[in-house]
């Protein structure tokens, strides 16, 4: 993962999968190339292979299960993500919380496969706890701001500055900020506050013109 | 789903995904064509698109989440399965139990999309309960026999005969038997006892020569 | 359980436990005796023994786990509820959904111990499914009305009438209606529509004068 | 919690609740007094009030939910445990794993109520992670040894010594060792290795003569 990190979580919108998913991914790829800026997209498990086959962006899973390979029905393992062309995974998103032992196991398994892991936390109290497990990144998102249109950068900048301070104990772990980010200014502010990048979902996936939004984000991120 | 149903659950073995997964699927397809017998395979979510693009077999999901489309991270919805080329889904496998309201919701959503739904139950007591929800099929599997190599046909034939009796109340729902099925004789016995087909996983996925096993199953199924 | 059923779910309000919990239970007992009408209360697991020791009302658990006795940490089993003086249990409340196999197991274990089981469902589609498992009662509660102050009796009477129709297939199972019930009129309407009684929580537990509310409910229930 | 910590987890054995539960608690109390050594017992939620009313031992919950007070059905909150006479709680036992945000919330809520919190972890990797959340104690238990009769002290002493090293970063947090502890020697070894005490369940609860076992443990703990 390269700074500034721009991570777009596709979630499960009707534009997140199938042809529409591929289409948005291609548009994002275009901007990524135009601005020579890496943009990470996390997509539903059904879409990893398809999207990773069609675009050069790093494609992440939105979640992986921590069970080993074997007699498990319905699970998505790091090995499957890797084999499908994925480069990493989100873990513990507020819409998909998992247990601490599962987080540890999924980080370790991902690391062995050279997959990045981005662990979401909802409060500063958990930054150190997750930091000890050495994921690639921690994404801090106050859940009350997710999808709200009120950005963490503006509404709760202290969440970012405190997390940036906390992450210094773990120099190999990056700190990303998310929740309610909708404008280029939100992105720039987060980075100025010390974050290595931002995570976003609805502002892009629900936009009439996702391209315009992503472009604004990338420009702002580069301008800092 | 056509009688006799032969459903092979790929689970999460190291042969269940990536190139190996595609390879086994192609071998199964070959036998399916040779014997003009439909064989259903259920595969990990990451593999649905890839395998469905390469083989003509009906590809099922191993599980679907019942959440609607929207701000959900890490979920696999019926819409995604459909869009990826899937034809149906397993639900409530003993390795992925879900709640009754989730089962009902997933069946209804699948039905609207013309996806088949196969709901697993672990005991006769639940056949009627699930029958009232009108899935395409119910797969009865005593969990203690799953992966045991001791087949339900031999060890507990009364489970099948009782389920066959119970399912008559729901003429549109098929009854499939599973757990421990390893030989052609197990398949034939299940069908003679009144099951519309069988479900199998380890006997195929862990076989040295999966083809031989599948071929034996298909022959036996057709011989009844 | 005797008709008309009046079931008050204590939930986890600050008045639901400790001295306050006992106090409310005693007030409810007073009305129960005054009107010679059975009133069932379901209380947190920590309160069953204490409240059952102090009042003559049937005390229910709000939930029981379905694991057997043994090496299980943190569980509440039917045996513990019985031993603590409980007479039954709620199951599958919308705030504590469980799986279909857990519901079946908990009903069976409760039945063996002569404990009543009241299984909550959120829609008519599940009435028959749960009916096949033969709990003592089914409590139908459209979740969007729970705690809303808008009663199922008024807002969605067809939910009750349809459930009453469906339950006839299971003559030994009672049908109770709940969600948003706040007035005596709501109670009377539910019973007139064919319900064997009502379930209520916030209207009593959050009332300034719980006694007045319970008294109104009992009077209305008896008046039908 | 005082050193040496001796924590007996009652779990859900048939001797863990009702009259038998009280009886065992009283026998443990006797030894506790005889040897002037604090012994903590964690008991099912239904038993906290009853046992805490009858014995002077510190009674802990086996688990608490992290939801706040309010419209929650079936939950056990720290407030309820406190009100019932409890002095603390186990959290995240391998038989009752919870999420990291739930662990954090439960620790904080317990601390505000002056309840002790003992968080179980299954591997050294999680000691620092949980340490950052400042529970009263961390109980490390390799799950493959739980109930095995093969003690962590003998089979995997390095688990204890490493954890003792790790916990030094958090001087206010105690480290307790558990899993498979059956003899006084196991207890003494754990304490010699640097643990502040031990956790035990089956060796006491399934013993023919629990008293003899507890007495041996206490003697050994005091002898170090």
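Should a chain be cited, it is by its letter among A, B, C and D, assigned in written order, with residues numbered from 1 in that chain.
The rule is simple: a residue touches a chain if its C-beta (ideal position, glycine included) is under 8 Å from a C-beta of that chain, and two chains touch if they have at least 3 such contacts.
Here the structure is a predicted model, which is why all the values come from computation and not from measurement.
Shared contact partners of chain C and chain D: not a single chain qualifies.
We define each chain's centre as the mean of its Cα atoms; on that basis chain A and chain D are separated by 38 Å.
Remark: chain B and chain D have CA centroids separated by 44 Å (rounded to whole angstrom). In chain D, no residue touches at least two other chains. Shown here, the protein chains touch around one cycle, each chain meeting exactly two partners.
A complete list of chain pairs in contact reads A-B, A-D, B-C, C-D. In the complex of the two chains, the chain B residues touching chain C come out as 92, 97-101, 103-104, 121-123, 125-126, 128-130, 132-133. Considering their complex, residues 9, 11-14, 16-19, 42, 44-50, 61-63, 67, 69-77, 79-81, 83-84, 90, 93-96, 146-147, 201-202 of chain C touch chain D.
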